[in-house]
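Chain lettering (A, B and C) follows the sequence in which the chains are written, and residue indices restart at 1 in each chain.
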Amino acid sequence: MLRKFSGLPWTAIAPVLIFIFLAVFGSWIVPYDPGAQDYSALLQGPSSVHWLGTDYLGRDLFSRLVTGARVSLVAMAIVLSTALLIGVVIGSFAGYVGGVVEQVMISIIDIILALPSLVIALALIGIMGTGYWSMIAALTFAWWANYARMSRAVVATELQQPYIEAARVMGASHLWIYVRHILPHVLSLVVVYASADAGALVLSIATLSFLGLGVQPPMPEWGQMLVDGMSYIEEYPLLVILPGLALTLVVVSFNLLGEAFALNKVPRPIARRLWRRRRAERAAEEVARDKSEGRA
Amino acid sequence: MSETVYAINDLVIDLYAPTVSIRAVDGVSFHAKAGETVAIVGESGSGKTVTTLAPLGLLPEGVRVDLRGSARVDGQELIDMNARALSRVRGTAFGVVFQDPMSALNPMLKVGPQLAEQARRHRGLSAKDARAAAISLLARTGIPDPEDRYNRYPHEMSGGMLQRVMIALALAPQPKVLIADEPTTALDATVQAQILELLRDIQRREQITIILITHDIGAVAAAADRVVVLYAGRVCEEGSVKQVLTEPIHPYTQGLLASVPDFRAGARRAASEIPGLPPDQSRLAPGCRFAERCPKAEESCRVRRPDLETLSEGRKVACPVSLRERKGHV
Amino acid sequence: MSEVSAIEVRDLKVHFSSGSGSAVRAVDGVTLSVAAGAFHGIIGESGCGKTTLARSIIGLQATTSGSVRVVGREREEWQKADRLDFARTVQFVFQDPLGSMSRRQTVRQTLEEPLLIHRHKNPERRIEELLRLVSLPATVLDRLPRSLSGGQRQRVAIARALALEPKILICDEPLSALDVSIRAQIVNLFRRLQSELGLTIVMVAHDLAIIREICTTVTVMYLGQVVEEGSADALFANPTHPYTQALLSAAPSADPRIEEGRQRILLAGDPPSPLSIPSGCRFHTRCPIAEPRCSTEAPDLRQVGHGGSARCLLADTRHRPEVLAQ
């Protein structure tokens, strides 16, 4: 696992790491309660008292930003882990069982995937009403299908491999085979995807909150802070710039993280040279080894 | 006295990939005359495929090759030829049959037109003549009902028949040399026998030179006139099939023949083995490559590379220890 | 002499339905029995059903009808009732050693797996024993299968199959993917294992010379049926069925003097596909000595001169058809 981390673009993914750090330790380092209003210090610029200034209610922007990070991360983690769990379980089940069950599951997954996730989430929120948990549930429902699709594909492919038959011959139960042989393949694929997906999820949460359908005030959240600050955009753009910049950095950074992981598997323009190198090496070895294996 | 059609002299081939470099062929020489079948025998890492295919530019993509020495066909030197000239020579002087019959055929096209295309391109025939030539080729390779088979797709044919089509394809440009790389390994036993018989037949009729690359000693005995035994990129023994197979001198040849169970040599005897594994070709020691597995190895074997000495016309052995033994006995 | 045979197959049929309604009769009524301690070879060409047969015996292939009894017990029922117990009795060696092992697992993990599944008390010690059995050094334990040679991989596969101390080992072409001189090593390994461990071994192969080397009993298959069977020595000395004779004739000798002088049987055409099985005797379309009745009458297995049986209208205990004499 450690080998995967060598060669990661650390500068590019620093925002993610800062994001996570802030989210975890945020509550200990924020100087102010993010909800604390101070009418004597409205819309102030950055100063030694308020590092990033205050908003239209006198709330410390730095504290709000950091706490917002935590809110986003927690929400994202809940949705992602639940969607992963549901997706992997359903997808693996479909792939393993095969037959009609698999076909039905694939159809359901395809239908969900055909619609943009945000649209699905919006529809569900429309039914369930707004609120934090409503948002979580809606996003989870929109998100699991992709992981199910991936898991099913991996399971279906690996099941055809001869070494799975070998395991059956040894007396291995289906559960054993799944956990020991197939799950690692599923996880390695899914983790790579999820790391980039996290960014999209953070963005979706921000979008819903921006629309007033996600995280509700007084809980700070970047999307929500964005919509709040819109009215002051001319006099005091910092209210909009700060959360916007934070969002952009974090989302882009997550994408780069995901791509960095994927470099191990999928050739990208930079990695194409690496890949060609390895292929040439293998070809040379094969040629020298005179692959004369009969296939009668 | 038939003349030499294909001659390889002191061929040295290095394969380069960014982290590993392998000397796949280390000074191999042999000649093939018109109308004879020369078998190149060896196992993994012997260099038998590289030796024959590299001079023709047929190695897989991405492998950087350094070719030294000489490979002449009909007087023309192949090493140092540019790609276009090489491609032309390859098309006209050589025909190649690979192990996997599907590798040379386009699965989307019918078989006949592919053959005709070959004939037309390298012999400049008209479309009508090319078709006739293709059908005649199919017939000559023993395919029943060639007119009908002309219009078939590759997937409609069995392995044995496809291999015949491959041979027909290789013969289309009327080459001087037919190279067959493990032509029977992927086939069933009875079909193998048919294909070997076909090769023998073609050779007799058309006086073509055949280079047979194989690890199957039985195929050598059945279809070849002369044999060159390779080990780790070097020639260890060479001679007529009769000489080498009935009286092998080099310890590797002896070991190889002893380890191959002969179906007719009588009932159960323990197959003797050659202990150990072929050497790692990216890290080679000086001296004889076979020394570490050789029952007769002496100190000098590990230090000095054995020369390929000529015993008699066409009979060569690269093992001073064995040759010394022989002289002692005579 | 009522010993329970190690494997007893009765009228086994494995049919696959191909899309267009016709069935591929891969195994079509095979009856054979393998005695305990025997080294049984199953030979035949592609499409004859030998691999399907082997896989049916171990349970990797569902059967259409017929029975497979292992050490007297019905295989299907046994596997359903106690999968682990069956796995401790019969094991399998695959044709492709690399494919039969997980590419992400080291040799140690590969060998450990059966021991863990069966909760072996002392897996490390057993692994050491196994390496010794197959003559592999301890250094292979931490390597991945792709960094091993073909011969080493097959040894690991064999070691894994032996981990649970099975009584019966079924091997599907275990030598085809190996270099010629390495085959000798593995053949000797099999021989040694059989004598040391008292195994019953069933080997599916197409290399006749090797079968002749080590097998005690042989079954010859063609297009889903047994066409000849018997003790190896007797059968190879007096091959009765014309297909067996052709098969034996197709194996070239390494001795060019023998090779040059001998007469060969060359069969016309290729093995027909199991989708379109000829009428009467299945071999009649390629048989050099087929008579008119061979295309209408399907022969049964009957006793022949060498003590075993053959499926040929022209053969019985007194008459042996000789293809080359015609």
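As a working rule, a residue touches a chain if its C-beta (ideal position, glycine included) is under 8 Å from a C-beta of that chain, and two chains touch if they have at least 3 such contacts.
Computed from a predicted model, the values in this text were never measured in an experiment.
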Graph distance between subunit A and subunit C, where chains that touch are linked: 1
Chain separated most widely from subunit C, comparing mean CA positions: A
Length of the line joining the C-alpha centres of subunit A and subunit C, rounded to whole Å: 52
Approximate Å spacing (C-alpha centroids) for the pair subunit A, subunit B: 56
Separation of subunit B from subunit C, taking each centre as the mean of its C-alpha atoms, in whole Å: 31
Where subunit C touches two or more other chains at once, by residue number: 46, 150, 179, 206
Multi-partner residues of subunit B (at least 2 other chains): 43-44, 188, 215
Contacts with two or more other chains, residues of subunit A listed in rising order: 292, 294-296
Subunit B residues within the subunit C interface of the complex: 43-44, 144, 158-161, 188-194, 196-197, 215-222, 241-242, 245-246, 255-257, 259-265, 267-274, 277-278
Residues on subunit A engaged by subunit C in the complex (per definition of touch): 161-163, 165-173, 176, 180-181, 184, 292-296
Interfacial residue positions of subunit C with respect to subunit B in the complex: 45-46, 149-151, 179-185, 187-188, 191, 206, 208-210, 212-214, 233, 236, 246-259, 264, 266-267, 269-271, 273
Footprint of subunit A on subunit C - complex, ascending: 46, 58-60, 83-84, 86-88, 91-92, 94, 96, 99-104, 113-114, 117-118, 150, 160, 164, 173, 176-179, 206
